[in-house]
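Take a look at these structures.
Look for chain A in each of the two complexes below; its partner is chain B in the first and chain C in the second.
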Partner chain A sequence: MKHSFFAKNPSVLLFLACLALFTIAVTVMSEAWGLSLIPTSFVKTLGKTLCLCLVALAMDLIWGFTGILSLGHMAFFAIGGYMIGMWLMYARTEEIVILSLANSPLPATPEEIRQGITSQIFGVVGSSELPPIWSFAHSLPLQLLLVLLVPGLLALVFGWLAFRSRVTGVYLSILTQAMTLTLALWLFQNDSGLRGNNGLSGLQNIPGLGQTSQDVISIWLFLASALALALGYLLLSSITSGKFGSVIRAIRDDETRMRFLGYPVESYKLFVFTLAALIAAIAGALYYPQAGIINPAELAPIASIYLAVWVAIGGRGQLWGAVLGAALVSLLSSWFTGGRAPDLPLGFYTIKWVDWWLILLGLGFVCVTLFAPQGLAGLLQRLAGPLTPRRGGAPLGPDPGALQEKEARE
Partner chain B sequence: MRTLFLLFALLLALTPARAQAEGKAAAVVLDNAGQVAKPSRQSIGPVIDALAASGDPMAAEILAAWAEKGLAQRKSDGVIFLIRPSGDGWALRDLTGAEAGIAAKTDMTELKPNAGVRGLIQTALVQFTLADPDPARRAEALTAIARDASAGHLEPLRNAIPGESNPVLLAQKHRLERLLTLRFDPDSAARVKAIESFGADTGLDLRAALTPLTTTRRAAFDSPPPAGANIARALIPGTDIPAEEAWDILIAAGAAPERLSVKTARDALIANIANGEVGGVKLAALNDQAARDRAYTALEAAGAVPPAATEDEVAATLARYHFYDLYTEPEPAVTTAASAALSAISTRVGAMQAADLALDAVSLASIYFLAAIGLAITFGVMGVINMAHGEFIMMGAYTGYVVQLIIPDYTISIIVALPMAFAVTFAAGVAMERLVIRHLYKRPLETLLATFGISIALQQLAKNIFGTQARPLTAPAWLDGQLAFNDIIAISYIRIAIFVLATLFLCFILFVMKRTRLGLEVRAVQQNRNMAASMGINPDRINMLTFGLGSGIAGIAGVAIGLFAKVTSELGNDYIVQSFMTVVVGGVGNIWGTLAGAALIGTLQKGIEWLNPSNTLAAQTWMILFIILFIQFRPRGIIALKGRAAGD
Partner chain C sequence: MTGQTTGATLLEASGLSVTFDGYRAIRNLSFAIGERELRAIIGPNGAGKTTFMDIITGKTRPDEGRVLWGPLSRSLLAMNEAQIARIGIGRKFQRPTVFEDQTVRENLIMALKAPRSPFAVLRWKPRRPDLDRTETLATQVGLGQALSRKSGELSHGQKQWLEIGMLLAQEPKLLLVDEPAAGMTLAEREQTTTLLTELAKTRAVVVVEHDMEFVRRLNCRVTVLHEGSVLAEGSLDHVTANPQVIEVYLGR
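Coming up: the complex of A and B.
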């Protein structure tokens, strides 16, 4: 290797610098450690946005680089959230139960504590038994392991089944959507053991940190999200810039040719699918403690489609494009739907953005698909054209995002 | 009173037969005036029976009046009259029906029998109403008996059969008589015969009559069960019933002490805390169950708490007893016949339910077919995923709603709405194809995204225009109700109409595809677009028309779905995934494939729902899992397209 990784990919350093600046700025302006310019609720929103950026990175890896339009990665995101939520809820309830039992004349037995926790958590769905899937909920390390294991295994099995029978293109999209719907429907049932449509709640209270204020917790979670995003970005940019990146881009551009060249296409796709699921799960595990509540509606197929929308608007095949798209669209979305955007009077009709934002988003999305297939990243690159080296040469694949001749030679 | 009595005596003496009967009811009342005035449930039976058996035509009227507070006793002499309000007082009639002047209300005491007595009177009245000249009253009486039968009805009912002239009522009476016989007849042979006489009948009334005969209760005996007990089966604790339940039976029978629950033990321990310890165990050490048990045993030994059964004692006691399921009905022949009849009924009912399920599945399949066929055309011919297809369905349903706002007559409005919906969604489809999809033919994955953008925009637009609440799309009156074959197999007319509509569309599309120029060109473009273009077919025009056709059919499906589902802006969401599944499972680009897919998914969903009736969510989960697995084995669907188009 002639040049170091960062020398070859200056955008990575630039991105990390921007992220670091942003993180420091938010921390300084937060209520906990700084000037109290940013309210805690907004710190949480920003932290959640960082998690969404991370899952958008995963989506970019699988869709922008490998060409698999998965409509199921928000399901892995939510499963990650459920897994961490189980521990948060169990441990938090355990604290409350122990506290309330401490007043009784006899010291509590472990059995009584378990009973108390079960009735606290599952009273709403009328169950008095702790479901077996909660067996590990008492232990943070085990449950953290599950954050990775459950989505990872699910993605592995599902991906193996799908790729091995050569389900590609729109079929795979529909199949992943069906998987998401199945999971959502299963979770909606009360006897799934995850509190049905009540979901898990009170996740913002971190067990053991009862005295710590939400201001501080939100900043810690924000910093953790930023760190995860930075690590995720580093990992994915190193993956996509090397030989592996070339292979998966080649799979995107012509899968059959890659198969004939002797590459195990299925294994590559399976690896990418599972890796993206793991990243999504980590993002989810960081997101839901900041959101405070998770319910099966989070798994609705539409959430995964929105994920694709973010990546498409931001720019496929560009890691920072995906981050940009997710941050921009999700922040705009919460700004418009939160009723904070000013109404637009047209004289004969006043446009209320709460009602019209989705229409704007939908049409904007159609326009991006039609006129800027490379998304905002593509537009920015075109604007900044003279600054980046003109690589020239013909694209190596039929898709405009394919490596170009000079790029490939480096 | 004496004069009256003399009068009655005279009448009795002078008039033979009928006239003799005529005074009898009055005489019975007279003889038992005290009882009649202050009846008690225990002792009034013979009086009522005597009245009912008197044969006097007045008896029914007297009984009815008695039950309805239409009798009163004159305070001065205790004579009982039939009364009806007249001005401020009562118009009196004596018990032979003759007018007897008017009395002030203060002079009379109304007779108010209590509910129990009224019940007895009503039962006695049954035989009169069963023989009432008016068939409507007789039918009413039969219904009343069927609803609330008792042993007392059996005799009057049997007596009423020979005199029945109306053949329908006669059949009803016979059936009811058998139903009462099998429940109340003292002769068990007659009951068994009555049970067997129903043969292949599956009526709800029969099931309701048989089920109580086979109810069981659990009982425990430490010796062989009593001779009269009708044993359904012997139970072994631990295998047939859980040991806890067996113990509960013993507790209920008073043969065993209450189990020591964790809570009672805890309360007992708390009550005996002394000097920071309980039964010699330090308080702080009581944080596990074994320590608590030790403390309790210590207290038990000290006699401070009641003894509680330990596990060994429980096992020993359970071993000493025999547990049985006992029929509440004492007659074994009857219970055997009833169980046999019930199991035969449940077999037949099962078969009928299967038939009903098949009907349901067919109707669900036709809904899926209608919803999916438009998608199949666009997906199959153009390889374009139209995520806005669900919104076209919604658009059709809203078109139907708007048409109903303008045309109030439901029949005409439906007839207008169907072509209107087609026209509206056809136009929308063509517009979408021209404006958006045309540019994306080379990037099929991105049509999915672009049409999704259109889908969320359309959904929000509908929400802005029509609001979030559900709008009604009312079916014409002649589609109300259902076609019932018997009390199990039934199908609503709307579902039949949808089935007919789906069949019509199947024929229509088959005709268009196989017998018209357009269909020929569509198939040519589907098989090989470039070759078709070089043969002089304009593929752009074909794509536009196909897309319009597919969207138009979605609109019509929307009207059909709106008739039974609520029309909301999210209507399309409910059908889009199912439609995709139908198309993918069936095989892309093939009408028969879509039909097969719809049939498979409809049957599967209904079948799973039947296996797990309490949970439609679980049914859908299992169905989608099945589909995912199915695609593993037939990735191209049930009917895979052959030729170049399938080569990718």
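Coming up: the complex of A and C.
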């Protein structure tokens, strides 16, 4: 069974091999275990990039394969981050509080510890009560469950309402934007219980690993992200290559016709929407411990639009294309906006990339839309076209991993 | 008279009315067809033929009337398009609609009669009987050599045939065919009439057609629609002798 899957989808094996090589290379060059060629901060950037690649896969499933232009899936990504962030922050604060109370003459009661945690976390928003949504924050397993449960249920309810009333096309996109905006505005309020615009911070400090250096933690998180991306890729390529893939692509191309073939189109959309939300949530839960901080700005409507841009540039309907687009554009973006790109003096005007990057990205997006609707994946495939026999349009393209490696040396 | 209703009644529509923006496209229309019957529906442009098919397949909801299905007389009006398709009503549209981005095989496999829910489809694995059936169907519609080709590469006529193959794969109990002869060559028309009469031996088939020669060759009971209701019904000779029919349709 396994054999025939890889035999039919050689690009999956190729992708996994490239990802493995890339992962090993970064690990070997890291400060934790190797040659110290890659600074820890850059290991984190690469780890975060892998998470963005994973959420791009989810976006490709829903947009590229099923044709639903959701402009709200970064909300699920961020919620995944919030859910894991609550445990990280709570458990870490608990450690600190217990440590500071250890010097007091009487042993600290659970109530005192709780009070200490509450004032530490919520002092900034002037609250002395632990909000009810933090009820499970003390427990890692429960909070991990919430990483899946909260975005999953939200996607299920939202999707059910939207698809049942047959909202499609641009109306659905607007609705998803409204969803993520609403959530962001709600989170911005102090009484949302999630520290308002302060968000959650200190997430890079993993509870129980106080003695472990960030060099090591960053590599572990990086490896976890790579593993998640590999598993996500395997899952999505197996889903999209069989009859299910056929059906969702057909729904993308002509959903009315699929109804007359007897397919419950709405159920498929709901299934895909929710699955993509779950994958996004997992990606977010791995991303924010590496980012260290999460706040409501992460749910801004523009974040989900960027996600769509990555997938469009990389190549819709091609899993490795989505990964390529996300890696390329997000790394370039952090290079340009991080002030590391040298200014470009034109004599009469100096181009500062921090300001001009968005315009460059916009131009790139327009060019891709106009000249390469299949994205970079389509371009590369066309270049490779004469070399490889095109049997049933099987994707046989260069690997995204290699490109990330090239990026990594910059 | 040829093509009498055979078997029990499969579908019975009565008292149907539909109004579009004040225009009554269907007016108190009643129609019944047996389990193994071939029926042609003719009528001038705008008579409501396509709208009638839309009602049966759940695309358009009537303002009045009812549509009952099968021996249990289940109401179709309470079901959506997909449910109606699943109980066994297949439909061929005027323009050929196949999934151009996918191969002939993939198109046929999607149409094969099988559970349609996402979870069932996720678990679906290609098994010998399904693959054999796919090949048989492809051969039947002359696409045996084209199974691995993208259906977008097929000619217009081949797409028509692929769509018919997909309909057969669904194994419908009632087949609704809207203007099958449009854009077909003479030879293809003959093939189509043969196929339709063959199919009607095991199921009900409703054919909407403008072309009188085509209808004559079907050699079946004919229903004439005019302004949304039935003007006449019977053999082709019977209805063409009807003065009202001559006036509204044939005489022009």
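Keep this in mind: the second predicted complex is superposed on the first by the 387 of 410 C-alpha atoms of A that agree within 3 Å, B and C clash if a C-alpha of one lies under 4 Å from a C-alpha of the other, contacts with A are read in each partner's own complex, and residues count from 1 in each chain.
Assume contacts are C-beta pairs under 8 Å (C-beta built on N, C-alpha and C of every residue); 3 or more make two chains touch, one makes a residue touch a chain.
Only a predicted model underlies this, so the values are computations on that prediction, with no experimental measurement involved.
Of the two partner chains, chain B is the only one touched by A:Leu185; chain C is not. For chain A, the partner that touches more of its residues is B, with chain B and chain C as the two candidates. Of the two partner chains, chain C is the only one touched by A:Arg259; chain B is not. When the shared chain is aligned, chain C comes close enough to touch A:Arg249, but chain B does not. Of the two partner chains, neither chain B nor chain C is touched by A:Trp33. Looking at chain A, you'll find no residue that touches chain B in one structure and chain C in the other. Chain A makes touch with chain C in their complex at residues 239, 242-244, 246-247, 249-250, 253-254, 256-257, 259-265, 267-268, 271, 391-393.
Put simply, chain B touches chain A in their complex at residues 262, 266, 269-270, 273, 283-284, 286-289, 292, 383, 385, 387, 436, 439-440, 443-446, 448-450, 452-461, 463-464, 577, 580-581, 584, 615, 617-618, 620-621, 624-625, 627-629, 631-633, 635. Of all residues in chain A, those touching chain B in their complex are 67, 69, 104-112, 158, 161-162, 164-167, 169-171, 173-175, 177-179, 181-182, 185-186, 188-189, 301, 305, 308-309, 312, 355-359, 361-366, 369-370, 373. Chain C meets chain A in the complex at residues 57, 80-83, 85-86, 90-91, 93, 97, 99-103, 106, 109-111, 116-118, 121-122, 124-126, 148, 150, 166, 170.
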